[in-house]
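Structure record follows, encoded as structure tokens.
Labels A, B and C are assigned to the chains in the order they are written; within every chain, residues are numbered from 1.
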Amino acid sequence: MASITVRDVEKLVGLEASGREGSFARLSNYDNAGKDAIVFARDQASLTLALVSSAGLILAPSKAAEAGDLPKEPRVLRVPDPKLAFALCGRWMDGFLQPVVHPLAVIDPGASVGPRTSVGAGSIVEAGSVIGKGCIIGNNVTISGATTMGDNVVVQSGAVLGAMGFGYVREPDGRYVRFPQQGRLLIEDDVEIGANTTIDRGALGETRIGQGTKIDNLVHIGHNCVIGKNVIIAAQTGISGSSVVEDGAVLGGQVGIGEHATVGAGVILGGGAGVLSGKKMRGAGEVFWGRPARPLKEYLRDLARLKRR
Amino acid sequence: MASITVRDVEKLVGLEASGREGSFARLSNYDNAGKDAIVFARDQASLTLALVSSAGLILAPSKAAEAGDLPKEPRVLRVPDPKLAFALCGRWMDGFLQPVVHPLAVIDPGASVGPRTSVGAGSIVEAGSVIGKGCIIGNNVTISGATTMGDNVVVQSGAVLGAMGFGYVREPDGRYVRFPQQGRLLIEDDVEIGANTTIDRGALGETRIGQGTKIDNLVHIGHNCVIGKNVIIAAQTGISGSSVVEDGAVLGGQVGIGEHATVGAGVILGGGAGVLSGKKMRGAGEVFWGRPARPLKEYLRDLARLKRR
Amino acid sequence: MASITVRDVEKLVGLEASGREGSFARLSNYDNAGKDAIVFARDQASLTLALVSSAGLILAPSKAAEAGDLPKEPRVLRVPDPKLAFALCGRWMDGFLQPVVHPLAVIDPGASVGPRTSVGAGSIVEAGSVIGKGCIIGNNVTISGATTMGDNVVVQSGAVLGAMGFGYVREPDGRYVRFPQQGRLLIEDDVEIGANTTIDRGALGETRIGQGTKIDNLVHIGHNCVIGKNVIIAAQTGISGSSVVEDGAVLGGQVGIGEHATVGAGVILGGGAGVLSGKKMRGAGEVFWGRPARPLKEYLRDLARLKRR
């Protein structure tokens, strides 16, 4: 991994050159920090701790209100958002990782894999699939031939992308026949997908995951769902077929969403919230909680009512 | 894939020969339909849209009440249940897929795999396991030696069949010793199992999945469970050890069922419903909802009560 | 597998030598028992059934109050806890299983794997990871280079250990940047981990799973969690980042725990219980239920209140 200089950090967060020197090999918490490490402090209290550590560079808030008015400490670099700056340093350093296609990755000759994409051992990229550039695919991932993936996508180990969706038609005698599941799965740039997560392809149309969306482990996304851009989906959440989650929504863990539901742009669903089939949740920044999901204030009032008499 | 003729379709749905000609290579939605494609219309409104498409054959309801009394349109074939007919066409066409055992499937010499069964790359079929004919096993599937599987079973990528169940005995000092997990897993004909789903083998006896049952992604079925025939189990549902789900039951997503519980024949559990250990839910066609699961009417009344005062 | 003698069983449960002879090849339920099999009876009723079986050795409770005062039956061995004795026999017999590293396991030269450890086909052990002795790793498991594992750990098929956690920082324009996920995952001795479970590594510090803890299938444990010793975590439970579960706690299935929460030593969380971020649940042996989790008595009173008017 490449070292990062003070000047690199300044550039990442949009600061002018201070002329300070120094170069750092890694990011760290306070406990394990050394002269070669960068740490960050989110406020005055953590800055005090950071200063006690051996860190070589401490990213601290620009505003005195947040991190006090310190005597000149050459290790401190004031930045607008220290945690973000720290994360940007991580991304910058990751950019120097050498992409590797493991010799035991199984990439079908009929698949297309872009340059600078890594594929781990045991991962299967089926004929028909298209993977962009700069992607990182973990181990034992399955990417079905129904999948098209943009650039800089991260797929962690064990994820299954583009499997057949869960759609059946009942015969008069009670048996079920699978509805055709021959659509596609489109994953846009900068999406990240957690370990053992499953995202089904469309039945006849497509399933789509919008640019920049981040998905945690063990999440299920059904066929024909359309997930917007920069959506956050925490672990073990399940989204049934044909539902829509619009840009910037935030879904906690273990959320359940029925079929043909809509979670509007910017909506926040608390952990374990449940959205019924066909339901539409609206309101950027609005927080919904419970099963069925309702505005947080209403949910809390309901809870309080249970206790009252 | 083989083409399907009008006569083939008529046979599939039990119609007499109309003498009409035509042959179609694929199934489609309206957007992507061409002369080579079959689409279906569930009612008058969708038939209107279907007629605007370029589809070569449109499966429409037989009853005029459902799809109107149209002028003779040579592309329309009237069938009793268009969606079912469409699914049957899909199954008919799938019958021509060439079975493939991927060279990177790991089939132990001590395993038995029937004819016309496909096994994907990275899938492990351990010694002792028995797989019937015409099955489709995805990629990176694990089929333990404790597994016996009938014919025409579909197992999607990443599923783990026949793992050790979760049974422990507590020692006086608080440590846990695993109870023996050396039983078997029986999967009957026509079962379909979703991606990354886990079904444990019996502890001493067997776990059984009945004929025609369909299981979605990320479902967990514990040791010694007995699941009946033609049961539907949606994504992320979990069934604890030794529970019984009888024929024709329908379980929504994220349902949780305790140990030694019974879900009776034809019972419907709404998404997220919870059934306590030892509980018996009865009544074909009865819908249960909530945690703990109760009849839908009662659940709705409880919700309304919360709001009333 | 080795046969186990009556004397071996007596030693396992701390009994003096009775001088009885006999040697048994397997453990069984009553239905499949033969002269070569050991069964156990937990009470008088099951002892009656056990005696009807063909079992060669029957482990029965020492206390007459539990299993009656039987006429001398040479097949019956009285032990303090028959189920525990039966499990100890299983562990004893498992000790003779030959460890196997499958030729299609992918163990990086930069990984360290202890003696008598089995690794299944398709499992990936990355450079940097350390695995102790006597472990059993199933198939298609991913063990990232961030993982250190003690002795006698069991990891079932499809589990993903040490993946990157789900931590992101929001940029002013709504996009998300991954917070560095470069910590480690420590798994202590005697831990058992179910199929397709995912445990993330620490972000900067570590995630830790304490000695003797047993984790079921499809469980998610987020980055920087600290799980104590002899904790039980049933299937599909999810624990968000930086939470603590102390020694001896028992978590039912589908439990959800927010970030930075604490589940105290010996606390019992019923299936589906939900613990909010930052919350602390305390009390050894205390049972909590519902979402949000509350003492069982309170939960039941709340349920009753819903019905009352």
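Some notes on this structure:
Please note the rule applied: a contact is a pair of C-beta atoms (placed from the backbone, for glycine too) under 8 Å apart; a residue touches a chain by one contact, two chains touch by 3 or more.
A quick note: this is a predicted structure, and the numbers were derived from the prediction, not measured.
Remark: rotation between chain B and chain C after Cα superposition is 120° (nearest 5). Interface residue usage between chain A and chain C, two copies of one sequence, is largely distinct: under half of the residue numbers at the contact are used by both copies. Spacing of chain A relative to chain C, judged by their CA centroids, is 29 angstrom. Annotation for chain A: residues 122, 140, 158, 196, 218, 236, 254, 291, 306 touch two or more other chains. On the side of chain B, the complex with chain C involves touching residues 106, 122, 124, 126, 140, 142, 144, 158, 160, 163-164, 166, 168-171, 174-180, 182, 196, 198, 200, 204-205, 218, 220, 222, 236, 238, 240, 254, 256, 258, 274, 276-277, 291-292, 302, 305-306. If you check the complex, the residues on chain B that touch chain A are 27-29, 31-32, 81, 83-84, 86-88, 90-91, 104, 120-122, 138-140, 154, 156-158, 190, 192, 194-196, 212, 214, 216-218, 230, 232, 234-236, 247-248, 253-254, 271-272, 290-291, 303, 306-307, 309.
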